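In the two complexes below, chain A is the common chain; its partner is chain B in one and chain C in the other.
And now, the complex of A and B:
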């Protein structure tokens, strides 16, 4: 059995696949199995998004009733209200801090994964994937215990005699920033790691052979080659911090709320659906603009392996 | 990733201040990632009713006590029901799509469809929640298990898709040709040859979808009703006004599900092959 399949394998040239045969026929029949997935996305993703866009142009009346008209009122209200402009600006600043911290710290972890192997690499993988998959609420709950006035950090500081009453660390901006860093870092690390694995080790050898030191090799060879990962991972971090929902509500005060939280309040508490959807759509548009700018800035990822 | 060891490891060979700084950064980042989880686990053993440092009178009793609180048991069962539904729907829709598109990766329309399938992961979950809330309220599905499962599938199916594409790519089509030469039609070849050979990949994708659904709460926050409230949503409301070892014990049960899922995935296809990483 085995020898038979191996002999078949040998009789075809390298790189042969089923795809090369069917592609000559120019038919789209191969897409048939993808139809359920596409239908699902059209019904439950595209169509709801379209309805949402439509709602954002409607007008809300008293008691959550909605007048079916076409008006830009909700968007104008959002983008001219100094309160909401401040919300957007603060979220930008928040995203900036989170990204500025995640980039160097995440880089170290991705680098450690890249240079390790075997059990150590598996262990580092586990250290990233466990928080990544664990419910965000649970991780935020952990931060709440940690930062609370009666929590471990204050307890230890009290024992060491730094403070008597304890510092108030929760409900502050640094608390929100650190919570967001721990939320985004796993994704950033995985993206950066996948780019690092494409770096051709021979370039590094060459740098050493030519007499470059460790620091020089890093900044002149490894860092430029890993830049695509830093940019796309950093952008993802920025976008997620900007659109964050759970972390600012649990670790912050209303002053730290992001547009996403205001959208949720409008929809679930105030029941002004047209205005809530308009905030949501504004968030999506801002995110798309950032993504567009990123796609213009990002150097193309390509494998340097030969 | 390849088996070639990057020679960059040489950089770290010698003990010097570079290495010290590097290890300091590494410790800080691992601390930020892991300490919230560790502290939850530690606090669940605290004997006091309200959490305050130091955690003393260590006990296991919260683990048994929370099992007697009907609210938590109910929300846990709700989470299991939604997660099972999510797993079934994600696998049914994403696996055939991954099968079709993995064989035609280079083509223009296949590339476009693949990226379209992964769009929902780029969306802020709040937006998916709002959009589905409006749509499902219209057709009267809001608040059902099915509604939450649909929301979770939008998040899980793309990841199942990415994982399964990687699995199918490693699968050698020569075996299908052999089956067809022996008289099998497309469906028979798929059921009798492809499925058994990618079984381990499917098991991993199942765990992935299941774990994602048990942990997600923003979409569920929008779509739940009092009778279908899931555990993470209940936790979200509970932790705002209460820090108690009971809640920690429930959280540890949830962390256990994730750790067990990761362990199974690691045994079956290797932890580094999960959808997010390099190959996707």
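And now, the complex of A and C:
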């Protein structure tokens, strides 16, 4: 049996012991240019986060004052209240749908970009990046117009005689899903595309050469080799939708609200800072747990060096 | 009409403006082991891709076993390629890599199993079926790549510089194994290399390529002895090149060097006329260091610059006494000549005219 201290030492990389202060100093020198950014992050990110953590363990009094105690009450309230559990569950389902749609839809786009050359590829690339040049809220208002009962889609449907009064597409779950898909797809496509470009075309040649048709080559070679991109892009999409804020607010009804929106409400409208921050922290923890599970399940990235 | 395993007729291939192949004609009999030899970028890989169907030729026809398969896609052709970088599927283990082609060809499951075991035995890698590609050494990956290609029982096996990434001793072993393999299964092999020693020592059939064209087809001996042009002569084996002008054609062809030495030569190029620029190609083993009274067609003086020791022989790097044309001669270590030749000494070399192969310069 190894002693505990020994195994702890073992888990550090070589050279990371207190005895190597000189080398630490040496490494430190290269960090100098990073100091302004580091300070910025500490002041504007770490410090507020620490305050949030602190608040989440405090108690809220009747008029929004914060009592400086230590309690788990906020967390217990959040994780035992059927209402909030339902909110979390709905967000999960929302994230699932968005991811389930983004994965195949984005794959087609990334694949098209990967297989095209020259001007066509540049054009596709541009089209995929284009939405990112526009502010999210403005894009969402665009969707509102598009999906509204008097919007162009209903206009066409009315003209074609499918409906008289127009379908109510806005403020529905599909509307939220569509909004989120359009929001996440560019990132997913870019991640997947970069993974696809790593696939050595020789493997595809080899598969054809050994008698595989186009479909078999795709499912047996290209798909498994691009899976790491699908997983990390899909994960990003899921976490993004799970914590979405603007899209469910603008395209959905309160029933579609995510925990993030409830946190904001608690803080800004109800003025219950401790509970609001507890929701926020819980979200962080849930996301970390999901990421941990994902890291365990992710297929191994195979070395594709030639 | 003889039955060819592979026939290439007027194959041409362009990539935009780049002409990768120009008018390739080649006939390969079943069971032949053909070596494609040429410098980097001369179109060897492109030619293999056209044979395997991975690239379509811009013009010409590919005929495999008497059938015109020019239009046939790679997965329908019964050829298999061992790629320049092997390209084992990184997400599959050795077993699945070898079985892949057979699954695609819908071999029965039992047959796949026995065949993989058989092939692993053949490449001396029994027991490796669970390993992933990246867990293998270069030589093992290469053998698996060969096994994977053999698994589909191809009529033609195409090997694209398969040994170029291996160290020398492994390369020599693999060469012997490949020859053994070829004898054992008796299929047509086409082997691409830019290593002339490899091609010379392994093959009976050599194809020398340059800039997308076939320069010469023949056995190593034939090509070494009777190269069709100065390019092939200098590419195969080592040579001295003596440039000059043809000063006379009959009764005896003479090449005159810029410094005025007159060499009796063997004209190998019918287009040569009196006055045309030409080059005499001389192999080092065909020149002799002579004493002044020996009878020989050509003799001239050179000055030794450098002596390199090769074990059984010495190589004397010299330059002509009249001008600075470099010239090298091989002499046996045990001879009197070898002992007296030191850097700076002046020696006489002699050359029979049939060994001074004369080609035009274009």
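Here is the rule we go by: the second predicted complex is superposed on the first by the 273 of 306 C-alpha atoms of A that agree within 3 Å, B and C clash if a C-alpha of one lies under 4 Å from a C-alpha of the other, contacts with A are read in each partner's own complex, and residues count from 1 in each chain.
Quick note on the criterion: contacts are C-beta pairs under 8 Å (C-beta built on N, C-alpha and C of every residue); 3 or more make two chains touch, one makes a residue touch a chain.
If you're wondering where the values come from, they're calculated on a predicted model, not measured in any experiment.
By the touch criterion stated above, A:95 is placed in contact with neither chain B nor chain C. Once chain A of one complex is fitted onto chain A of the other, the partner contacts of A:115 are limited to chain B, with no touch recorded for chain C. More residues of chain A lie in touch with B than with the remaining chain of the pair chain B and chain C. By the document's definition of touching, neither partner reaches A:228: not chain B, not chain C.
Of the two partner chains placed by superposition, only chain C is touched by A:216; chain B is not.
Of the two partner chains placed around the shared chain by superposition, chain B is the only one that A:136 touches, whereas chain C remains out of contact.
Legend: residue contacts after superposition of the two complexes on their common chain; A:205 is shown touching both chain B and chain C. By the touch criterion defined above, A:248 lies against neither chain B nor chain C after alignment on the C-alpha atoms of chain A.
Residues 205, 208 of chain A contact both chain B in one complex and chain C in the other.
Put simply, chain A touches chain B in their complex at residues 5, 8-9, 12, 17-19, 22-23, 28, 30-34, 36-38, 40-41, 44-45, 47-49, 51-52, 55, 104-106, 108-109, 111-112, 114-117, 121-122, 125-146, 148, 150-152, 154-156, 178, 181-182, 185-187, 190, 193-194, 197, 199, 201, 204-205, 208, 214-215, 217-218, 222, 240, 243, 245-246, 250, 260, 263-264, 267-268, 273, 276-277, 280, 283-284, 287, 291, 305. On chain C, the positions that touch chain A within their shared complex are 49, 52-54, 73-76, 79-81, 83, 85, 87, 89-91, 100-101, 104-105, 132, 134, 148-149, 152.
The touching residues of chain A, counted against chain C in their complex, run 200, 202-203, 205-213, 216, 220-221, 224-225, 302-304, 306. Taken in their complex, chain B has these residues touching chain A: 1-2, 4-12, 18, 22, 25-26, 28-30, 32-40, 43, 51-54, 89, 92-94, 96-97, 99-101, 103-107, 109-110, 113, 116-117, 119-120, 122-136, 138, 150, 153-154, 157, 161, 172-178, 211-212, 214-218, 221-222, 232, 235-236, 239-240, 243, 247-248, 251, 254-255, 258-259, 261-262, 266, 271-272, 274, 276-280.
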